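Before anything else, here is the set of structures, which you'll find just below.
Two complexes come next, and they have one chain in common, chain A, joined by chain B in the first and chain C in the second.
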Partner chain A sequence: MSRYYYYLIFINMVANIIASVPSILYESHKEGSVSSMILGLVAGTIIVTIYTRFFNAFPGMTLPDLLEKTTAKWFYKPFVLFLAFMWFFAGLITLATYTFLLIRYVTPEMPVIQISLSIILSVIFGCLMRTERVLYTIELILLVTLPLILFIFYKTYSGNSLEWDFVKEAALYVNQLPDLNSFSASFFLFLGVVNLFMFNRFFTKKQSFNWKHVTIIAIISTLNMFTTYFIPIGYNGFENIDELVYPWISTSDSIRMEYFMIERVLFVFLLFYLGIAFVSIMIHWHVSIEFLKFVFNLEKLKIKGFKLGKFIPIPFFIGASLFTIVKLNEYQLLRLSSIFYNSLIFFFPSMILLFFFIKRSMKNAKQAKQN
Partner chain B sequence: MPNKQSKTKLFILILLPIITILTGCEFKDIDKNVFVSMIGIDKSDDEDKPYKITLKLYVPTSSFKQSPKPEYAYITQNGETLTEAIRLMESYSDKELEFGHSKLIVIGEDLLAEKANEIMDFLLRRPDIQMISWVAVGRPSAEEVVKMVPQGENAAYPALFNYFDDIGTESQFIVTTYLFDLRRRLKEDGIDPVLPIIEVKKKESHFKVNKSMVLVDKKEPYELSSLYTQTFNILSMNAPIADLIIKEEGEYFNARVDSMESKYRVNVKDNNKIELEVDVSLIGYISESKNPLKTQDLAYYSKLMEKEAKEKFTEFFEEMIHIGYDPIGFGLDYKSRTLHNRRMSSEEWEEAYKNAGINMTINAELKSTGSIK
Partner chain C sequence: MLLSETINWVNEQFKNTNELVHKNLEYENKHILLFYLKSLINSEMLQQLIIKPFFEMSSEEQFKIYLQALPQFQEVTSKEQIPLEMMNGNILVKIHNELYLLDFRLANNDKVNQTSVETTIHGSQLALSDNLMTNINVIRSNYHQASLTVEYLVKGEVNQHKVAIIYDKDKVKSDVLDTIRKRLQNVDKQLITSTTQLNNFINDKRFSLFPQMIMTERPDRIVYNLGGGKVILLVDGNPQSMATPVVFFDFMTTIEDNYHTLFISLFLKILRYAGLLLSLLLPALYVGVTSFTPEVFRTELALTVAGSRVGVPFSSFIEVLFMLFFMELLLEASIRLPKAVSATATTVGGLILGTAVTEASLASNIMVIIVSAVAISTFVIPVNEMAFSIRVVRLLLILITSIFGLAGLILSFFALIMHLVNLDSFGEPYLKLYTLAKDKKSSEGKS
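Now for the complex of A and B:
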């Protein structure tokens, strides 16, 4: 598979370390988080495989294109609009989480609106670009931030302060029945693949996708999930891990780099995660804007030759996100994300039925053409 | 259609007014901040305001040449809560108090026994206090520790930091405890925090950090003597090097251990009886001896060292078991090995720990007698 495909999956996994996923997992740390994670791992790998195989069968076609060809207008227009809202919301969750983090740890004196506005504006510039340029941006940012983030992970694993006994204690709670919230949170880590709905436009050649690629994804996601869940436990203890509001921030603050320019890893971590969060929001909102373009034919809207169309959704994006960020508190954000993740575990697997339908109709159409 | 040149002009015209928006960052300027280097928390005499906070502030100077000696300012304030005391302090200073660079938290001995949890809540809840700051006990009080500037202190780097940061002194008597470590040990069952005690030697103008204190929730803190502190450091692999005095069978020498490893395990026997299995390996050389030594007898000296170390370590464990404190973390080891639904309850565990047997294996190896025989 093309490396850009892995970026899509990878960004979603890594970005959620700072978002609500660990907090949701820790809420049921004694009631089956570990078993739900294992279950999530299996289910996630399956859904990644199915989605990738489906889109690989139609190189260069986005989901709206496929829907337009196979389904009726009354169905696909509202459906794609609904998808656009969903993607907007996914970006919004990351944005809100990150804004709260920044105001809590980096710039406590700055007004919320100003912080979120500065992120939103840079993201908006990013997501108005063409799809392939978005992917190039992702690659650039990953090149800068990823080595340092991997270095921080290495530091966490190699530090003396990591108490493996806590990790073992946590892992022994594997014999509990899985929990819905934890399952959906760990399932969400895999859903980077659904960005193919729009980004498949970039993958114009049919690519090989077999068990090797699935194994790579499974290994990376296992490592990622292990790190997400167990490393904060190793640093902060098991029994009271759920009292931490931002487990990963506390963990990165527990690592010391005595010979580095900055001793406190927290700020390095936050800075590089700003890059990851930016990319994650950009992906989601890019997809969302593209969906909106499709639904309302925004491309065709011109005033004196100036393509106004794609700018129309922006005020709504800014307004809606500012409104939500100002209204929400941390607890509501956590619950909202949890509800969102829970809804996804029903939505995306049932999309597979639609895929079957599309595949069959496409085949029929092809045969009809040949005859 | 505008041509390329006019497009560029338009772009610059739009860009210019935007630049004026960039007037500066929202952060307070650095000269409007004053950096706290240490926080001392004590119990005050005032009953309504039980907390007394002492802050050591760096005094800003324009250059090193101007003030080659360390200069600090101090503020002390009582308060009903810690936050109230800090809020009152802010009115003493013309600048914003910045806690993000504080590296050491000293807690007064009196306060520690009563209010460890309340102090912890404050320290953890504030996002600007580093989780990697060191925590220590101040004797006689945190205020005296914070306010003392010992002989030979460099400007802008308090001497006290060198005790803990593993770059300066590497004494085997110094326990280093970070705030996050204190938190996890305090909150979890099965492992108890150990804090270093900083003593002030006013006359000689220096500190003494060679004792420590085991804290247990709702129990009296237990003070570890220097010897026990050293033993704890060896056993928890905190110290990079350690000295052991061996006085056995007519030999009297000093072994310097430069590589050590220790393993623990709890063996559970029938009806909630446990046995603590400790496996220590010490590798080093002889650094001082009363008698001349023979190099061919190194194996014999190692045997003597094993015997001595075993006596010392067993004594430490027996004391810890006797009072029921667990600084090494046997309880945690037990929990990490047993499924949670088959575990004994914490009361049963405490009972079992108090009656635990010790099975110690020591593997000592002296590699050399030093430069002379």
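Now for the complex of A and C:
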């Protein structure tokens, strides 16, 4: 598999450490979180495999391309528009989370609009770039941020305040029945793969994808999930972990770098996680804008030779996200994300039926061509 | 074609100059006519190769064959060619009812210069000359490949300078070459005086901050670029060449990197990238940390910074801009000033201003350190053009940080990376991560 494919999956996974996923998991920490995570891990690996195999069968083709070839116009136009909204919303959740984080920890006296504008304005023009350039940007930003984030993980695992007893206690609840919210939150971690809907246009050659690649993904996601869930418990204790608004921020604030210029790991963590959030929002909104371009044929819209079309979604994106962020508070955001994740566990597995349909029609079309 | 008419026409073309020499040689049974512009001709060569043999040869026929055998000999293909070539230092010879051109140009600028912009410790200390032919000679004698191709164009409506496109036919990408040719065709400027001008004329963008071509004066760098499949542009009368397409990393390498041992050059590279990051981020970081989030630094450091700012009446934003402004003035002044004066200027500026400013508490001590660190680290960037761009980007970053705080700085740094990735240099991506394995078949393509 091309290395760019892994970026898509892992960014989604890593970006959600800091977002609502841990909080949702901790809500049922005495019920079925651990078992839901295990279930989510299995289901997630399966869906990654199915999605990758499907898109690997059609190298270089995006989902709208495939839908256009196999389904009727009354179906695919509204459907892709719906997908565009969904991706916009996925980006919006990350955006809102980071805006709240920044106002809480870095610049408390700054207006919310100004903070969210700083993120939106830096990201939004990246969404208009060509797909391959988006991937190159992702790679470079990861190159800057990932070493620091790995360093922070090293610090968390080697910290003195990490009490493994709490972790063991939390793991004992594995025998509880899984519940929906935790399952969908852990399932969501794997959904980076669905960005292939658009990013598949970059992978123009057939990739080799077999059990080795699946194992790599499974191992890394297990580690990631373990870290996401158990490390904050190890630092903050098990009993009232569900009371923390941002478990990971509290965790990173318990770590110090005694001999460095910056003492509190929190700031390194926050500022460099901003890179991950930046990339995550960029991926989601890039896909969303590409869907919109497809639905409304925005590429063809020109005024005096100037390609105006692709700029049209931008004001709507900025307006809608500012409006939402001003209206939301942290609790509503948490609930909203939970509802969003819950809807996804029904939506994406049922997409597999559509894939079967597409695959069959494509095969039929191919056979018809050969005859 | 009537010979006398052509000669009259040529005379007509040059009627406004008094430098056209019209020489009529007649001896025994031989008769030739010479026309040339006196200031452009190497008169010693003229004496040795034409006038002396003329009086020694026995017949006009023999002299004509002799002329045709000269390496400087050139056929006349059209009437319009004559005045152009004469202005390039050719002599028009009329013999036996025929016209010939002989290249006797006098070039006083064909001495190879010492490197002055890209000085190195290792490697050749010689750069290019001001003369196009000498430069091509230098390049060819450094790059022994039959596939090395040189194309000539004449650009600049008024001054009609020769532009050479040099490339290795086996290595260059043909679509890049086509783009360059097409864009060069479209250049319709009155005057072309420098190779670096082409950077602006053929990059197709009105607003561009980052250079799309790399300027070099070192033959070894030119050869290195040619071997990498780049296209080199040279303009007559210019000691600089442009290489294109470029990637961002080209601006961060010196040719010396190849001459050092592995670890030394790795160390120097790390140093250089650290310098790049420092010169970009340090002033903005100062603004962000002092004015927005002082708690980022460890307590002792935060207190030191705050302590050194005691008595400074400005906000950190004004303070940084104030000091950077003087630093930029100093930089600019030391380029323009005559060499004798520039040492004084830097002393006055750097030493006296630096200490006086802190004593008058117009800026903090730490600010002075930061500004000088930034100035030094800007010089570490090996290619000048990139250093200029970085200076501008730095100001933008300070501006953004003073509005959006530390998070704004980080975000705008990512946005800068994004902008660089989005740039094109003649169809090639400007910034992307290249992996070392070049022959490995990549399993993804352009979308």
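Some notes on this structure:
In this section, the second predicted complex is superposed on the first by the 371 of 371 C-alpha atoms of A that agree within 3 Å, B and C clash if a C-alpha of one lies under 4 Å from a C-alpha of the other, contacts with A are read in each partner's own complex, and residues count from 1 in each chain.
Keep in mind that, in the parts below, a residue touches a chain if its C-beta (ideal position, glycine included) is under 8 Å from a C-beta of that chain, and two chains touch if they have at least 3 such contacts.
Because the structure is predicted, anything quoted here is derived from the model rather than measured.
Contact with chain B, but none with chain C, is seen for A:I255 once the two complexes are overlaid on the shared chain.
Of the two partner chains placed by the overlay, only chain C lies in contact with A:G275; chain B stays clear of it. In the superposition on chain A, contact of A:E299 is made with neither chain B nor chain C. Within the superposed three-chain model, A:R264 lies in touch with chain B and with chain C [touch as defined at top]. When both complexes are overlaid on chain A, the residue A:Y4 reaches chain C alone and has no touch with chain B. Within the superposed three-chain model, A:R130 lies in touch with chain C and out of touch with chain B [touch as defined at top]. Contact with both chain B and chain C is seen for A:M110 once the two complexes are overlaid on the shared chain. Counting the residues of chain A touched by each of chain B and chain C gives the higher count for C. In the superposition on chain A, the residues of chain A touched by chain B in one structure and by chain C in the other are 107, 110, 114, 263-264. In the complex of the two chains, the chain B residues touching chain A come out as 1, 26-28, 100, 127-128, 130-132, 165-167, 178, 180-181, 183-185, 187-189, 329, 332-333, 335-341.
Across the complex, chain A meets chain B through its residues 30, 104-105, 107-110, 114, 161, 163-169, 172-173, 175, 235-240, 250, 253-256, 258, 263-264, 266, 305.
Contacts from chain C toward chain A in the complex involve residues 292-293, 295-299, 301, 400, 403-408, 410-412, 414-415, 417-418, 421-422, 429, 431-433, 442-447.
Contact residues on chain A toward chain C in their complex (touch as defined above): 1-2, 4, 60, 102, 106-107, 110, 114-115, 117-119, 122-123, 125-126, 129-133, 136-137, 139-141, 143-144, 201-208, 260-264, 267, 271-272, 274-275, 278, 282.
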